[in-house]
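Each structure below appears as structure tokens.
There are two complexes below, and they share chain A, which is joined by chain B in the first and by chain C in the second.
Coming up: the complex of A and B.
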């Protein structure tokens, strides 16, 4: 009898047993909480069944997809997702470029250049993104009215309804999609080819030569891509044509615009604000990474006679890239999530569309989970891409 | 003088590339200054002048405006005393602080309230002077520090008491700059301790606790804040328990809950970074001293971990303060919304949105830049990065 008590005592003193008990109690509490949440949630409608019904609202900005208000809510949501992805891709590219330039500028010996970078960071980083979005919208709306639009010989039309730029549009012969497909295949094929040739050069040291002129993988890839693209372009009898914007008056005297790529004030405002805002954070990241490099690197580069520009692009930035990428990924994720703020100026991206759906249907919870899943998968895609990049960058010479 | 010319030539026109950059910078700076001057010369600030009360307290009834001033007094005493006690401000810092406070006061003061504001300015000076007297003796200084910490902890209850005592206005009526400050204080006040707990949970060796904390943090961080606020707008009241049959949760309370949860997740990630930076020897040493888990965390791990991440924490808090402007989703009139609404109220102010927006942006900017300067100072005094 006594031995059981003893054993129990020993058991209660063992760390493993204690850990198990603690976790068990913790899980019971969490379980009760989750049970409570689920029981409350079950009183609401948590299915997405209503998504197949007619959406019934228009979306002002559509890209690639042709959405009308008669389509289903799924399609409306999809249109929003496409808008978000488009904004994120453009925003990420531009913000990276801006941030890198400003980050280098911040450390430049040229006082004017570093002052600009300093002002840019200190002003824009410390004001809310929302204010910046509204600011850019006001700025864009102060462009001249459409009756007094600025035009450059029918190539660019600038008015407060947006900026129209020349754009490619598919011609009537119907080969447009086929050509895009061929281009995509050509891109993938040339990427693979150049990757293979570069690797062959790295590992085996074999080089393709043409009359003493070394052909690196990048050049071969580019040549192949352009050859395929231009040959298929002429074989398919010009599937794409340049679409010039035009401004005209109809018989009632109203000004109308047509054609071209429309850069609307809403898209411009949200894009400008996102790029400028995220750019400040990227600037700080780039500056921090460059400063964390040993000073000897710069001095050594200058000592072997490289110019300032060459030192930056060949020595400093490639090394800084290693410590830049992880925090940069974070900023990309922030940019993706911040794009939801465009709801304030009614740019119809994912969040705006789902808010409309929530209001129309009255079932908020399932739509919210849809938003959550969409943003999580977008984040996941960005993280995976950046992780692959990170692995490639850190591998070189490491 | 010769050297100066040489230096100037080298920095601005040293090479072709450098010359191009200089010219480009000049063009950008010219454009920037030109547009600012153009804006200033055409701007009319009357839209701000007549709406000062709205910017400060939003839709709160004017007869309750007097409740703001005691809060301001307490806050100004606390801030100045803390600056003197913990930071050793140089004259440059003091000039910056004085300038910032003066401009903010100029924005909010009307002819009927200038006496209240002047009192708070006097309190600022008074508290600074008295703290510097106390600082001369070490024992009194230590006592003073304890009192100040206690007051900081009590600040939120004091604010709520002042705002709600008697028949104070309903929280839904709070607005303007006051609402932003209150929301930020609540979010940080509740989010920071919660964040520490979640960070410890995520760094725990017990798999169940670790997984639950990770799921919480990643879920909150997964969706943007506006989405969470929208969820609070639609369904949060259905999830809260009914007290005495009342299930009328004020919109402000919903915003507070969501902002605190959001802050806790982001703070937890920052603190986790600090926890990971602690050498393993510290934990082993604590174990070998036979400290319990709580003691080990509170006495050994957390002080070191938080110390390392103070700059990152402050920038998270700046982000939270900026994010309080997102409560427009809940139809609350915070500072930014007031700034958007006031030009539309009167046809006289038509087309004066930029002026109102500039004032709003400036108010956000001055708070954020003060905090970020604070973080730089803390970073320097802690010697992070130099170690």
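Coming up: the complex of A and C.
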């Protein structure tokens, strides 16, 4: 008996044993806490069954999809996803262009250019994005009010309700989607065809001629595409019409506008804020990558008589691209994730639509899970595309 | 306090888990939580707590002109705030013994449930889920609100039917967007909803006429209209359409199973309504109490009628509690006149008129 007490006493004096006991107890507490959270979550309704019910709320920006409040919550959510993707694609393209121009300007010997670029980076990188979004919203709201809207003979309407441009709209006969499908197939087919013909010419030297006029793959591709597009357009009884915007007064004398392609102040504000903000980081990435190249590259290019422009586009940028792409991917992901800030100024992207669904249904947990999965998928797609691009760029000339 | 309670529950759950044979049995955990909940419910009634403490903790809005607002002088003012004062005057005999707790819309129910406040009067709509599911008790309706539509006066819009093709600014809420869509789609009207998360960007857009209409509760619209900046035309540039899109009855609420306190609050509300009906105001209440004109008035004011006994209904407070409340804040009509009429919320012809004038403001008999 005594010996057991003694042994326990010795054990209790052992640092190693005491640590083990403490860690064991801590592990049990953590385990129980996690179990408690999960069991609580399981008591809630964590299915997405309510997503099939009628949405019942309107969405202001519906791009491509024809959403009405009678559609299901799934469709409302999908509309939000489309709005997010639209924002991200346009934003990524514009931010890349802006960042590249500013990055090159930053290194320009022209003091005006380099100062503009310097100020742009330092001011916009160091202010919060949310503030910039609200700033751009206020800027866009300073466009003329609808009662003083600028119009150009019913082709363009400019007011702070949105800038309306002529656009195509599907007609009543309902073949619109079919025609879009045919167009897509025609694009793919003509691309393959032109690629094949060009390759045949490059490798085998075979050339298609029409009355001494050489037909290259590009020309044939274009001809094929336009032939398919126009023939199917008339066979399907003109499924698309030109949709002209209009500014009109209702019977109360109040001005309203409708029709055409709508570029709204909300979309504009988010787009400007995201592009300008992300552009600063891309500027710094481009500048850093160019500066990391040996100076001899520029000097050699200039020595063989290339102009400044040729040096930049033919020698410097292609080499810099290798070290630009990996950090650029991060910025694209940031832009995608930051687009969820649209919620503050009424651009209905996926986070905002989901919030409305959450408010209406009261099931926050599964909807949040869905939002996370959606953003994760978008980010993974961007990563995969950029990785493929990266592999191509690093392989060439390696 | 809340954190402490959470830690307490957590530790209890964990220790039960440790000591029970099968460690992590879900039923044991749930039972423990329920036991803890039951223990918490068995507290002294809120009425007794308030009397012992000597102050009333009242949850209010601090940013809605007319209903509850924190003034530049650092005091709280408004329709809802006056009800806090009335309840404090009724229970403690002093309308100044209120501790105001400004609350956001999302934090209000948890604040009440956790006992941070005794009473919640923060323009809160009475709904079934809030009454049952969130374990509150709504006492009585003090203001019949409803979703309305505010437009620019020069737009010529008179009804929702005129607004075909209009753009409407709307604040993201539990039902606001749904009511808006129901109204427009059922009438076959086209509209564009611009849904904002917070008020400031919405107001910025509305001031620049980005949208034709602004929809939220009528009380909120009246409040926003009253403080509409002169640079954008001032209150006169706006009108609130007569139509109401939804039912939003607002009133004070207490915790579930707290009958003593609940009854006092409820009958203070009814007492102020009855006072208006009987013609008792803050100005004449002392004279009326000294010489009540009929037994009903004597019962309401807690005074003897021609040398008889004082009617005590065992509310657990001074029988003169309604008299104290009237003396402090006046009757229902006076409170309305003081805070809501200046906002442009006309009382006559609305649901908030007295029942004798065709409204819904009605008190059960005080006997």
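Just a few scattered comments:
Convention: the second predicted complex is superposed on the first by the 285 of 398 C-alpha atoms of A that agree within 3 Å, B and C clash if a C-alpha of one lies under 4 Å from a C-alpha of the other, contacts with A are read in each partner's own complex, and residues count from 1 in each chain.
The working rule: contacts are C-beta pairs under 8 Å (C-beta built on N, C-alpha and C of every residue); 3 or more make two chains touch, one makes a residue touch a chain.
Nothing here was measured: the structure is a model prediction, and the numbers come from that model.
Of the two partner chains placed by superposition, A:168 touches none, neither chain B nor chain C.
Of the two partner chains placed by superposition, A:8 touches none, neither chain B nor chain C. Looking at the shared chain after the overlay, A:113 reaches chain B, while chain C stays out of its contact range.
In the superposed model, A:372 makes contact with chain B only, not with chain C.
Of the two partner chains placed by the overlay, only chain C lies in contact with A:60; chain B stays clear of it. With both structures placed on the common chain, the touch criterion links A:355 to chain B and to chain C. In the superposed model, A:138 lies in contact with both chain B and chain C. In the overlay built on the shared chain, the residue A:314 is in contact with neither chain B nor chain C. Of the two partner chains, both chain B and chain C are touched by A:343. According to the touch criterion, the shared surface of chain A, contacted by chain B in one complex and chain C in the other, consists of residues 134, 138, 343-344, 355. Contact residues of chain A toward chain B in the complex are 19, 22-23, 26-27, 30, 37, 40-41, 43-44, 108-113, 115-116, 119, 122-123, 125-131, 134-135, 138, 307-309, 337-338, 340-341, 343-344, 351, 355, 358, 364-365, 368, 371-372, 375-376, 379. Residues 11-12, 15, 17-18, 21-22, 25-26, 28-29, 32, 205-209, 212, 219, 222-227, 230-231, 234-235, 238-239, 318, 322-323, 325-326, 328-329, 336, 340, 353-354, 357, 360-361, 364-365, 368-369, 372 of chain B touch chain A in their complex. Per the touch definition, chain C reaches chain A in the complex via residues 10, 13-14, 17-18, 23-24, 26, 29, 155-157, 162, 164-167, 169, 172-175, 177-178, 180-182, 184-185, 191-198, 201-202, 204-205, 208-210, 212.
Every residue of chain A that touches chain C in the complex is listed here, in rising order: 28-29, 31-33, 35-36, 39, 56-60, 68-70, 134, 137-138, 141-142, 145-147, 160-161, 250, 252-254, 256, 258, 265-266, 343-346, 348, 352, 355-356, 359-360.
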